[in-house]
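Think of it as A, B, C, D, E and F in the order they're written, each chain with its own count starting at 1.
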Amino acid sequence: MYSVTVRDHMMIAHSLRGEVFGPAQSLHGATYVVDVEFRRTELGADGIVVDIGLASSVVRSVLGEMNYRNLDEEEAFAGRNTTTEALARTVFDRVSAAIRGGDLGPEGNTIVSLRVTLHESHIAAASFDAPV
Amino acid sequence: MYSVTVRDHMMIAHSLRGEVFGPAQSLHGATYVVDVEFRRTELGADGIVVDIGLASSVVRSVLGEMNYRNLDEEEAFAGRNTTTEALARTVFDRVSAAIRGGDLGPEGNTIVSLRVTLHESHIAAASFDAPV
Amino acid sequence: MYSVTVRDHMMIAHSLRGEVFGPAQSLHGATYVVDVEFRRTELGADGIVVDIGLASSVVRSVLGEMNYRNLDEEEAFAGRNTTTEALARTVFDRVSAAIRGGDLGPEGNTIVSLRVTLHESHIAAASFDAPV
Amino acid sequence: MYSVTVRDHMMIAHSLRGEVFGPAQSLHGATYVVDVEFRRTELGADGIVVDIGLASSVVRSVLGEMNYRNLDEEEAFAGRNTTTEALARTVFDRVSAAIRGGDLGPEGNTIVSLRVTLHESHIAAASFDAPV
Amino acid sequence: MYSVTVRDHMMIAHSLRGEVFGPAQSLHGATYVVDVEFRRTELGADGIVVDIGLASSVVRSVLGEMNYRNLDEEEAFAGRNTTTEALARTVFDRVSAAIRGGDLGPEGNTIVSLRVTLHESHIAAASFDAPV
Amino acid sequence: MYSVTVRDHMMIAHSLRGEVFGPAQSLHGATYVVDVEFRRTELGADGIVVDIGLASSVVRSVLGEMNYRNLDEEEAFAGRNTTTEALARTVFDRVSAAIRGGDLGPEGNTIVSLRVTLHESHIAAASFDAPV
């Protein structure tokens, strides 16, 4: 399996509901350094998994919808906890949708799976990894 | 698949038996920066893979049994080489046992696999990855 | 000059006032990975710059006053922008006060200067560096 | 599954053919920081996946064939784009061949798969992962 | 002293003249991960060292003049070795000129010094640090 | 000021005397990832601070005298604590002596200062910085 990984980041505010979150139940925030890995079984004619320029644009666009926001006020997350795990899934879903929508060009159809990792600090991260 | 990864470290002394180890047959030591990845197929009600506070405590507790020790004098390792690979397995076994013992709470039962990585320097690491 | 550096982090929400901040004028947040470097001209009797356990506790305590908070609602920052630069200064001031208050023990008096660095992402950081 | 990962690097010049590469169609270059992960289902008698000294030598030797070269002038790459993905595959093929040739000693036969990752910057990487 | 540091990168080809460079006398290349630290004695009215958006643009623009190039064919470097040290100086000179030219806005006049670091691999870097 | 930094590492066992060290009074160990920064006011004819090959060899040789050792049994450290700070000084002293002894070639005379940093984990480091 081949893969290409691009890194970007977003800075958001949010709070988490549930006793398990302790002090994180208060409104606070995070920088998520985000790695998105695109996987493909064979390389295309140009010798690439994906046009890395398009891939970076898609990731930037997906993160841009959350960057500099208070996620507690975003309709997309109403009634749901925006945990690092859940946000990894959100980024996965939105990048997958962009691929299906053609944003990586026709070669996007050959992407078989993605791994999205959100690093929330130097000691903690969460990932979601699945077929597109 | 969802995952959460927590990082901690331990500082140990040891020696390794076997010509393959060259100068590492002498008593020396290592800092192991340890990543433990907990994996689960679906998120729980709170939107998490695991209570990260409990996960960090379990990892700290497991590493605490080795931290600041000379592993050559630990009964648990009598007759065995404490290579980075073997220690990754030891951390895996002990974190798995803690999970089965309920230390991650009832949700611990939903953890399907772990990946334990020990970074011994900026240029070398070892992992053990298996179902719990 | 000798120095010891310890790393910890905090996760906060805030907004910034001023056109220069563009979208960061909205309520958002950040993880700050914080390095505090303690400097001293000579080592003490034990061969250390500072008791690293005490130093880590002081840093954790200082960050704990901001961690998991919305800084827009903290009186300490009323009327001031909590930029990364300004927060580096705040951490510096509070660690310095802790040192003067004896929290690093009598050897704390020998600390001549601190450098506080807040990493807000993989591509941006701010520091404040000055005598204690 | 057990694994051991070693890191090394190479510095090369090249150009890429195809409009998708934009300005990278010009002759430019890259430092590739290379991670090679060796995987094995069980540890050998010494408690290791592989003799890490031999593994590092094999990786250094494979990278040495490309290091400080202009890949556009290397016969091995004639008519092919030396993308990061393609180079990950080349490193994989050559390390695999070295293993089959006995360069990791008899235990090399127990290596089941490799993952080769080339980091081309702080924000982009490519991997090839397959059975030996 | 306050500082803000931004990170970006460039990918270049070049060769170095002189026996001291050994195999690096051949045409090869490098990814330089570049950190530019901007220093100032006091914060401005907004609580910042510099508009980080402008600072990032200036750095990107300076690196853009070298990115994806063969430096052996750039007039600016005719007759000079483009060592990592020399390139750190080049980036310094060009960022300094941009500051003096007003590209950081009027506040740019308050920048007292810069430190430019080029990381050429995970084990080597060069810096130039001087007043603007 | 120009500088070049090279990175290497060593793996040692030791124990520390003094109540301040708590559990580190027991025999344990550490991996020290070591950065040595060489500084010079002007570049030489080749456009370099120092022959990086020689610099790396000097650092490797100095670390080699401690690597894979139990520092408690080394005469050089008899009666002294081998704290991270003290070891940073030892590396500094030995690299300085090598420079004065000509191991960096005649250009070594132009090195004005060194900064030696030992990273003992992902959250702690110590440095010694002084004129050669």
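In the analysis below, a contact is a pair of C-beta atoms (placed from the backbone, for glycine too) under 8 Å apart; a residue touches a chain by one contact, two chains touch by 3 or more.
In this text, all values refer to a predicted model and were calculated from it rather than measured experimentally.
**Q** Sort out for me whether B-F or E-F is joined by the greater number of C-beta contact pairs.
**A** Answer to which pair has more contacts is B-F.
**Q** Same interface as A-C shows up in which of C-E, E-F or D-E, over half of contact pairs matched?
**A** Repeat interface, by the over-half criterion: D-E.
**Q** Go ahead and note the Å separation of the Cα centroids belonging to subunit D and subunit F.
**A** Roughly 31 Å, centre to centre.
**Q** Can you give the whole-Å distance between the Cα centres of subunit A and subunit F?
**A** About 41 Å, centre to centre.
**Q** From the mean C-alpha coordinate of subunit A to that of subunit D, what's the distance rounded to whole Å?
**A** Once rounded, the distance between the two centres reads 27 Å.
**Q** Can you list the residues of subunit C that touch 2 or more other chains?
**A** Each of 7, 122-123 in subunit C touches at least two other chains.
**Q** Write out the stretch or stretches of subunit F touching subunit E in their complex.
**A** 1-8, 37, 43, 45-49, 51-53
**Q** Which residues, counting only subunit B, touch subunit D once they are in their complex?
**A** 16, 18, 20-22, 80-86, 88-89, 122-130
**Q** Name, in rising order, each residue of subunit E that touches subunit D in their complex.
**A** Counting only subunit E, the residues touching subunit D are 7, 9, 11-14, 23-24, 26-33, 67-70, 120-123.
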